[in-house]
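What follows is a pair of complexes built around subunit A, which joins subunit B in one and subunit C in the other.
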Partner chain A sequence: MKHRERNLFITACTLPALILFAVFALYPFGKAFVMAFYDWSGLSEHARYIGLNNFKTLWQDDIVWKALVNNLFLLLVVPVLTMGASMLFAALLTQRKIKGKKLYRTVFFFPNVLSIVVISVLWSFVYHPTFGILNSFLELIGLESWTRAWLGDSSTVLWAIAFPMIWQSIGYYMIIYIAAIEGVPTDMYEAASIDGASAFRQFRSLTFPLIWNVVRVTIVFFLIGVFNGSFAFIKVMTNAGPNHGSEVLMTYMYSQAFNNGNFGYAMAIGVFMLLITVGLALISEKLTERDSVEY
Partner chain B sequence: MRRSRVGLSKWGFRQLAWVLICTVMLTACSSGSGGTPAASGGDAGSAPNEESASGGTTFENKELNIAVFEGGYGSEYWKAVIERFEADYPGVKVNMTSNPKIMDIIKPQLVAGNPPDFIYVSPDENTGTIKALVKEGALMELNDVFDGPALDSDRPLKDKLTDGLMAYMQPNGDGNIYYAPNYMSVLGMWYNKHLFETKGWEVPVTWEDFFALGEVAKAEGRALYTYQGIYPSYNESVFWPAVASAGGLEAMNKALSYEEGGFTQDAVKQVMGVFERMAQNDDVMKGTVALNHTQAQTEFLKGGALFIPNGSWFESEMADAPREEGFEFGFLGVPVFSEGDQAYVLSSFEAMYIPNKAKNPELAKEFLRYQYNDDIVQLNAEKSKGVMAVKGAVELAKDYIPASAYEAFKVYDEGALPMMVQWKQTPKSEVIINDELFNPLGDVMNKKMTADQWADKVEQASAKLRNLLNQS
Partner chain C sequence: MTTNAIAAKGWRILTTLLLALYTIVVVYPLVWTVYSSFKTTEEFYASPFALPQGLSLDNYVNALARSRMAEYFVNSVVVTVLALILCNAAGFAAAYVMTRYRFRFLAVIKRFYIAGLFFPAAFSIVPLFMLLNQMHLLDSIAGLSIVYAVSAIPFTIYLLSGFLASIPKDYEESATIDGCSLFGVLIRIIAPMAKPGIITITIFNVMGFWNEYIYALSFISSEGKRTLTLGLAYLMEVQRYATDWGALFAGLVLVMVPTLLIYALLQNRITAGLNMGGLKG
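Let's turn to the complex of A and B:
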């Protein structure tokens, strides 16, 4: 009796969310998957089934592979640097006696509350070839030969896009890591310092293993965040240029769907992206499989 | 103590949960009903036939839904013309939707097969919707409108239009007219008239003159050329006229219809060579490739470069931008390869369309014809400060448009021939040919690609489309 009531209650609680999820996530998802097998402009009610043709095109489309390489570059560079920097700041702001800790936390977190479009516009002025602060600074310190059109050069454009992405997300991950580090019981550190462990040693042998579970979660966040988040940065800063130099799968999918009226193909790119994200999530899961230490 | 607290919170939680569920359900329901468009004027067809005939025509369905793009020309004109139309056709009601993102707004209606009766937007609008509608065959054929008489004369309506324009109103090139042109623009290179006059520089006629100015400019700390870096397709207003001038319109059409060797032919390679030469000479403003259109145009106004490509809307577009002292807009057009060559200047048009599934096509066609009445063209110039694609419209608009725009239109009186760019329609493909053509320009400007490599690359993309055309 009691059991039944409880089940009913649980069902009632989960049902609304389930319905919303089904209508707004599962249905469009399934629909996108199906449309990948159609020749459809996104406008008419007539869609022609063409089997795997969209995927065949995709396989032979140079731009897709170029975009994928760019995606992978960002997926490697942005998470690694963001994780390193935010972990460093988190460790410093929790372990050390630093004046104005609260101020730093706010300052580091600040970029995260700005809109991505605002950040992109801001940074496109930082990189502005004639009056941008970066080139002006290089000229000031006598490195004039280093100045360049950062966003217009295919050899620097990806780094120039990665940097604002890192800058924007450091604060967010720093807060997560700080919360995790603060959860570690202080008596362990006391014991460690009595044993004569240095601050670095404490971080390596105590803090890091103890917050490993949180780090694992953030790695998945990184992958998804970079995959999806790069779109707005690129759209505003370079419009995927120069000559597809900063094209990623997301921007390519967008231009196929909304500039080229080729929805079916765009959905095929979407499915391809889905496979990659799922693949990456599984790989990262495997790579980071390691018993977390309990305390 | 602990027990009772848990019990209490459990009660509270349960009630809260139900409240939440109800709220969520309600929101879901209300958003659901909000999603279905209020069927506005869908079933107005039962309006009785009225006797009061205007111009001898009556319309059973007196409701017209129009969707207009609200861009540089604003929506003032559309409000005014609706007022006149409703006065001239008693009982007619025109509902207008106007928005800078009009295609995003009407897209759901188009997909649902419930389109507006009349659409105004550029055929090159950035969502590609109009092009897609053409491919889908979802636009109404307008041949009868243009072959039939105009509302205020006995001559065919097409006689009113600017010469040579009708050919471009058939996007499939098969004689079926789907576009009804309204606003015209002229595109080409611009310079600072004041600067040229005070320095005593001659406006370049040939590309040699142009490059000679490069040295002069460098001595002044200016660059010769800049363009809207991350949107390199602005260069089409230099590229295609130069191709036409070098090889005639046939050469240009050979490329635009993906014929074999279209992009490796001499005329095209010569023009690509001009861009390569600009890069090799460092004639292009430093950092151009990384700038967006506003940034590049502002740099130009501030004196960073002598020339920039843009359209006759330039002065209005940059009305509030900072500029160097005495700056005055001057329109150059495009240089030719050797003196005496025929110069071409690109024009572009915006257009009006009637979807095949329009609920009231007869009234929509009447509204379309009405746009070309002499007094309405005048009204248009006055309210929108735009130039309609009809004969004599430039003079009509003279008092309302910036002097530089008027001057730009005048190039056609000074010997330059008008031309337009229209890629041949192909079946659906992943190749966005205009991007394939202009995107490599960034690499050319960075000296990472030669003109020959550029030509080969575009030729490859063109070949893909050629194969598609041959298959279909």
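Let's turn to the complex of A and C:
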């Protein structure tokens, strides 16, 4: 009796989450791989197995390569700049002598709670050619020649999208890094100051190696965040324009599926995108590998 | 002053300057949006930095009238609440059993959820679209709520498991001896003790659901079912051609204000919860 109650309880608690997860997450995930090998126009019943043909098309599709380059640009620029800035702020805001630390933390983190749509609309205003503050600011300081339609110019559009992404996530990583830095035992710093190490030296040779593991974990977060996040930013700000100038694999997959009805081809792009993400995660794992320091 | 003292002072000024500069980068666009939302169309074509002449509420009236913002707001609330109930209930029960009991397939199930933490949501959006279509859950508030709930289940289980593992087992044991049923233990003993964890995950999930855009864009097609983020994106598209910029700024402020208020109230819990998420290396 006791045993039956226990089993019943375990089943009743585990199954709802498991069924939901299996049906709405695992099944579509697996299905996506299968679909990549079919010629499928979406809602019709007819799906024809065509082997690797979708991938052959993909290989010869110029837009895929353009999108990949754009993707890689964002995957490089956004994490590097965000990490640099958030690490700098975290280092500054854990110094003892800075006033108003809490206020800075609160303010810098705020963009992170805003919806990506809100941020995208907001920055579209900032970049707006007629009433945007960016162009007006440049005119104000005498740099008229720099003004342009930031989102309409294919040479600046990716930077114009990268910046709001960075603006949003700096606070998030800053908070994570601050917690990591504060987790370093203070007596280690005391020893270092006695040895006469400057603040900068202390950070470089003491703090940074000690929080390296946290930094590594955040790299994987970045990869996923940029893949998922860039889609919403681009969709609202430029809709992949001008002339595919801000096309990334995700937006291309989306338009192939929902605008052109090429569901099979869309999933081939999706699989390609996933392979690249996993590949990058493994590469960054390898590159950042060094003996972790314990304390 | 010694050179050392001068260097220290210069360093401090530089630091303060840097922090102040970035504060402006964060705050000014927000403040600018708020005061611009009171501008008339003519004022928009004057200097963008200038303050508006008066505090006219016309833009807000326009935004509300033209875009059914109030309806979108209600939809967002309904979707968020439904998804939250489903996700928290299912996630809490599963997290509890998975931290306290040993049973068959436990290791496999755990591995699935951990993998789920790292699925890029966008990848399976097309098959999910077709699945919802077959289940008649496309263009439906309920369908969207289920999708939201499921997308957050791995993280909910992960965060709550970490929290539940820190609660000592003695309480449950004595309650069971006193003849409390296993469900009774879960609801009456564990749930109250896990309250801080549940509050943290609730904040995370509410923010995630409230701000979500990709799923809503893909699965909602009728105007009456749009969520707030979806409504804002459409408002932007419509106004781009109508050039009624004031209404768009007003719409943006309307969407931003609830988030700002909640952030002001819960800011400490949000940042503390971020670290509870287990990012300890």
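Convention: the second predicted complex is superposed on the first by the 273 of 295 C-alpha atoms of A that agree within 3 Å, B and C clash if a C-alpha of one lies under 4 Å from a C-alpha of the other, contacts with A are read in each partner's own complex, and residues count from 1 in each chain.
Here, a contact is a pair of C-beta atoms (placed from the backbone, for glycine too) under 8 Å apart; a residue touches a chain by one contact, two chains touch by 3 or more.
Here the structure is a predicted model, which means the values were calculated and not measured.
Superposition model on subunit A: subunit B and subunit C are shown in a clashing arrangement. In the superposition on chain A, A:258 contacts both subunit B and subunit C. Contact with both subunit B and subunit C is seen for A:130 once the two complexes are overlaid on the shared chain. By the touch criterion stated above, A:122 is placed in contact with subunit C alone, subunit B being left untouched. Looking at the superposition, the partner that touches the larger set of subunit A residues, subunit B or subunit C, turns out to be C. By the document's definition of touching, of the two partners only subunit C reaches A:5; subunit B does not.
When the shared chain is aligned, subunit C comes close enough to touch A:29, but subunit B does not.
When the two complexes are overlaid on their common chain A, residue A:13 makes contact with subunit B and with subunit C alike.
Look at A:242: by the touch rule set out above, it reaches subunit B but stays clear of subunit C. Across the options 59-67, 167-175, 203-211 or 257-265, subunit C meets subunit B in a clash only at 167-175, per the superposition defined above.
In the superposition on the C-alpha atoms of chain A, the part of subunit A touched by subunit B in one complex and by subunit C in the other spans residues 9, 12-13, 16-17, 20, 23, 42-43, 124, 130, 258.
Within the complex, the subunit A residues that touch subunit C are 5-7, 9-10, 12-14, 16-18, 20-21, 23-29, 31-32, 35, 42-43, 85, 88-89, 92-93, 95, 97-99, 104-111, 113-118, 121-126, 130-133, 136, 167, 172, 175-176, 179-180, 183, 199, 211, 213-214, 217-218, 220, 224, 227-228, 231-232, 235-236, 250, 253-254, 257-258, 263, 266-267, 270, 273-274, 277.
Residues 14, 17-18, 20-21, 24-25, 28, 107, 110-111, 113, 126-129, 131-133, 135-136, 138, 229-232, 286-292, 295, 299, 304, 428-430, 432, 435, 439-443, 445-446, 448-449 of subunit B touch subunit A in their complex. Against subunit A, the residues of subunit C that register as touching in their complex are 11-12, 15-16, 18-19, 22-23, 25-30, 32-33, 36, 44-45, 47-49, 86, 89-91, 93-94, 96-98, 101, 103, 109, 112-113, 116, 118-131, 133, 146-147, 149-151, 153-154, 157, 181-183, 186, 207, 210-214, 217-218, 229-230, 232-233, 236, 245, 248-249, 252, 255-256, 259-260, 262-263, 267, 270-271, 274-275, 279-281. The part of subunit A that touches subunit B in the complex is made up of residues 9, 12-13, 15-17, 19-20, 23, 39, 41-46, 57-58, 61, 63, 124, 127-130, 148-154, 238-239, 241-245, 255-256, 258-262, 264-265.
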